[in-house]
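One chain, chain A, appears in both complexes that follow, with chain B as partner in the first and chain C in the second.
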Partner chain A sequence: MLKALAGGLFLGLAPGRKPAIKVATLAALIGLWFLLTTVTGAVTGGRFPSPAEFWTSLVQINTRGYAGAGLVSHALHSVKLVAMGFLVAIATGVPLGLWMGWSRKVEALVNPVFLIIRPIPPLAWIPLAILWLGLGDAAKIMVIWFSAFVPSVINAFTGVRNIDRPVIEAARMLGTPRWRLISEVIAPAASPMIFTGLRLSLQASWTTLVAAELVGALVGVGFVLNMAQQDIYPGMILVGMLTVGLLGWGTTVLLGMAERRALAWNIAARD
Partner chain B sequence: MGSISFSHVDKIFGPQGSGVKALDNINLDIADREFVAIVGPSGCGKTTCLRMVAGFEAASAGEVKVNGKTVTAPGPDRAVVFQQFALFPWKTVRENIDLGLRNKNLPLAERDGLISSALKLMSLESHADAFPHQLSGGMQQRVAIARAYVLDPEVLLMDEPFGALDAQTRVVMQEELVRLARRNPRTVLFITHAVEEAVYLADRVAIMTRRPGRIKEVLDIRSIREAEGWDRHPKIEDVMDLESFVHLRTHIWKTLREEKDFQHV
Partner chain C sequence: MNGQALPLKESMLLGLLSLLLFLGLWTVLTVSGIVPRQFLPTPLEVASRFFQLLTSPFAGATLPTHLAASFKRYAYGVLLAAAVGVPLGLLMGWFRLLDDIVTPIFDGLRFIAPIAWVPFAALWFGTGIGGPIMIIFAGAFPPCLINAYRGARFVEPRLIEAAKMLGTNDTRMIMEVLLPAAVPSIIAGLRVSAGLGWQSLVGAELIVAAAGVGFMMVQAQGSVQTATVMTGMIAIGIVGMIIDVLLRQGEGWLRRRRGLEA
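So, the complex of A and B:
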C-alpha cells in the first residue's frame, strides 16, 4: 500500500514523456529565485523571501513552532477539515445528482433552489457560517461542504443524463430491480463524470479551506498564512503557500489513484 | 406459451395529431416457437415494432400482446439483443450474463451452471473474466446473445444483431443461431436488412412498406425449407445456392425494390 502510494506520488511528480524538461524547469526556477533575491538583491527580503530565509522559516515552524503549533499539526488539522468537508459534500452531492439525473420530478423540484444558490460564490458563505458556528471547525466544514457540493451534484447529474439509453434498457429488460439498477448500472455508467465532479470538489475544498482559515481560525495552514502576514514574515508566508500547494497536490494524486482503480474498465476502454 | 400478436397497431411519434406516423395498422401473429424475420426499407418502423414488444414503447392505437397479455413494461420473459450490443462495460462477461439470473434470485450454484453452459454454447469459456472492451465485435455480440439466452426467455427479440459484424463473423453467427434455434426453439422476432439472412434463419419473413410502415407481405419459408430439405446442408453457402432459396430471395428483393423505387417518384 505504502509502496503504491509512493509510486503514485512519484508518478504525479514526473508524469508524461519528458521528465527531464520538468526537472530542468524546476531547477531554472529555483536558480532564478536565488539570482533575484540573494545574488543581485533585485527583490528585497521584505517583498519575497530568499531561499535562506525560506529555509530558516521552515526550520523554525518545525522546531519551535509558529502560530501556536508545528507545521505538521497545522497541516494535519487542515487536511482533516478538507477531508471531512469533502466527504460530507460528496456523500450528499453525488446521490442527489444521481437522483436528479434519474428523475425529472426531483430535478424540477431541486433546480430552482440551485438556480438561486449557484451564483453565490462559496466564499460568500464564510461570514454567515462564522456567525452561526463560530471560529471552530464546524463553520469551516460547513463552508467546504457548500463549495464542494455543487460540482459533485452537477457532474453526477450530467453523468446520468448522458448514459446511453440502450444500456439502461438492457438492464430493465433483464428485470433489474430499482436499487440494483442504481448501484450496478446508473452509478457505474455515470462514474467517469462523477469522478470529474470529485476532482472539482476537491479543488473547491482546498480553496475554501484556506479562505475560511484566513478569515478566522486558531490553527491550520490558512491561519499560519494569516499570522505570517500580520507579522510581515515573507519566509513563513512562502512556507504556508507551498504547504497548501503540496497538500492539495497530494490529495489530488490520491483521488487520481482511486479513480484509476475504480474506472479501470473505462480507462482501458479509452486507450 | 411465447406467442406475439400485433393487432391494428399504429405508432405516432411526437404530439398526437401532428406527429410522425411510423407504423400504420400492423397486424401480425407469431406463434409460439416460431422464428419470424422482419425486413423493410430503412426508417419503416422495424425497430419500433420490436421495441413495442419489448415494452420500451407504447402503441398509439391497437394492441401488442405477448401470450395474450397486453405488453406494459419490459421484462426478462422478452429478452432483447440490441444492435449495438448494449453490454455493461464495467462488468466482466460472466457478470454481464449473471445480472439477469441474479435478478431472478436464483441460487449461486444454479447460476454458475447456467452461465457455464451459456459460455460454452457461445464458445466464450476462455473469456469469462474479460471486460467487453477486450473482446472483438463478434464476441461482444455472442455475450449479448448469451445474456439473453441464459434467461430462457419465452420470446427473443433481436434487432439487426449481426449488423455491426464483418461478413465472415456474420456467417458464423448465423449458423450458430440456427444451431441454437434447432436445439432449443424459442419464439424469435428478428429484424434485419439482409434478405439472405432473413430467408436462411426465419420460418416466416414479413416484408414492410416504407414509412408509414405497413406489413406488405408475409412469406412462409418453413414449408419450403422442409420440402426442399435445407437443413441437410450444414453450411449457409450451400443453402444459398439452392434454387428454392434463390427464388425466395429474389422475390423479397423485388418486393423491397418496389418500395425503394416508390420513394424516388
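So, the complex of A and C:
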C-alpha cells in the first residue's frame, strides 16, 4: 500500500505537457474566483474571500501580525517542528527498519508490538501527547515522530528484504567486514526504498503538525488557521491554507534534491 | 542477512516474549509509581475502562454509540470520495483536455494537508455531520482519482485500438473498456482511501465534531481521564484494522475472480 501511495502522490504524466494549458487553467481559475466573489457576488465574503480580501489579510499578517506573530515567524516555527520530528523519526526509524530487515530475530521480536501500535492513526495520539507534554513544542514533536516513524521503518525494512541475495553473498564471499557490508552494500541498495519512505514520512509529518496545531497551540500555521476559524475570517483561512501548501511543497522539493544527490549513482544507472 | 525465515515456533516464542516485555514494562512503570497513574494508567485499568465504556456513557454517549456516529460520517465521506473521484479519474484518463485542465489544479491542491480544510469545512458545512464529511472527503479523494486515472491511462493500447476500429463511442469506451480494465487499480485505490479517510476522521473529530470517538477523546483529555483517551485510541485502532482486513479480503477475492495473482 505504501508503495502505491508514494507512486501516486502525483499524477505524474504532466511533464512534457504544453505549459500553455497550465497557465490558461490557472488564469481561468483566478478569473473565475474574481467573477464569483467580486463581480457577481454569487459567493459572499462570509463563505470565501474575494481576491481583495485575501490580499488585505496577507498584508495584515505580514505587517501587523495575526495570532500573535507575523506570517514568517508562524511559518518558521512550524517548519522547525516538522524538521525536528521528521529528523528524530528518520534517525530512529530507518536504523530500526534496516535492523529488522537484517535479522529475522529482531523482526520477530519487534513486529508484534508494531502490529498493535500501527493501526492507531498518528492523529489519535494528539490528545495523549497533550496530556503528557502540554500544548508546547514537545507534544507536537512527539506526534510528528510517531507519524513519520512508521513509514520510515516499513520502507527501510522492505528495502533490505528486496536486495538480491547474490549481492550480499558475493560481498560476504569477498570477506567484507560486517560494518562495511552494512554501510556499503545494505544501506545503498535499500536507499531508493528508504527515500520512498521518507517522502511518505514528510507528508505525514505535515498532516500531523497541522492537526496538532489546530487542536492546541500558541504559534504556528495551524494556530493561524485555528484563530481564523474562530474569528470567522475567511481571508486569513485562505492565507493559512496556502501557507500550509507552500511549506509542504517547499520541503518536498528539498527532500527531492537530497534524494537526487544521494541516489545519483542509481538514477544514472537507470538512465 | 540471515536467510531463511525462522521456524514458526521460534518466531511465535519471540513474539510472545516481546508482547510480555511490552506489557511488563508498562505495568512496572505504572505500578511502581515511576510514571504517575494520572498520566499513564496500568494496562488493567485501561482494559476495565474499555469494558466499562461499552455500557456506561462518557461525553454524552457510550463507546459503541460514539463509534456508530463516527462510522456514519466516515462511510458518507469515503463513499462520496469514491463517487466523485473514480468517475472523474476515468474521464480524465480518456479526455486529454480534461486531464490537462484538472491535473495542475489537483497537483497544486495535493500539497495542502487534508486537515487544513478544517476551518473552511466548519464554515461551509458546520460542525455536525457536513464539516467532518468534507474533511474525510479531502483525505480519501486523491487515491480514488489517481488510481482510476492510472488504471484508465495504462489500459493496453491494443484494446483501445480494437474498440476504436469497431466504432465504439466515448461512453461505451469508458464504461466497457476503460472501467473493467481499471478495476484492480481502482480497488487498490479504494483501500488506500479507506485508510486515509479513517485517519482524517480522527483529525476532524478532534477539532470540530460534537460526537464520535475523537470528540470523546478530546473531552477525556480536557478532564485528564487518560484511561478514557487510551480506550478511544484502542477503539479507533480496532475499527481501522477491521476495515483494512475486510477490504484486503475483498481485493483478494476480486483479483482471484479475475484470474490475477492475489
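Going forward, the second predicted complex is superposed on the first by the 254 of 271 C-alpha atoms of A that agree within 3 Å, B and C clash if a C-alpha of one lies under 4 Å from a C-alpha of the other, contacts with A are read in each partner's own complex, and residues count from 1 in each chain.
Going forward, contacts are C-beta pairs under 8 Å (C-beta built on N, C-alpha and C of every residue); 3 or more make two chains touch, one makes a residue touch a chain.
Computed from a prediction, not measured in an experiment: that's the story for all the values here.
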- On chain A, which partner touches more residues: chain B or chain C? C
- Message: Just checking: does A:180 make contact with chain B only, chain C only, both, or neither of them? Give me first, second, both or neither.
- Response: first
- Task: Name the contact category of A:237: first (chain B only), second (chain C only), both, or neither.
- Result: second
- Using the superposition on chain A described above, determine whether A:164 touches chain B (first), chain C (second), both, or neither. first
- chain A touches which residues of chain C in the complex? 1-6, 10-11, 14-19, 22, 39, 99-101, 103-120, 122-124, 142-143, 146-147, 149-150, 153, 188-189, 191-192, 195, 198-199, 202-203, 206-207, 214, 217-218, 220-221, 224, 226, 229-230, 232-234, 236-238, 240-241, 244
- Note on the structure: So, in the complex, the side of chain A touching chain C is made of residues 1, 4-5, 8-11, 13-14, 17-18, 21-22, 25-26, 29, 46-48, 101-105, 108-113, 116, 119-128, 130-132, 160, 163, 165, 168, 186, 203, 206-207, 210-211, 214-215, 222, 225-226, 228-229, 232, 234, 237, 240-242, 244-246, 248-249, 252
- Message: Quick check: in the complex, which residue numbers of chain B touch chain A?
- Response: 54, 56, 73-76, 78-80, 82, 84, 86-91, 99-100, 102-104, 131, 133-134, 147, 151
- As the complex stands, chain A meets chain B at residues 164, 166-167, 169-177, 180, 184-185, 188-189, 191, 265-266, 268-269
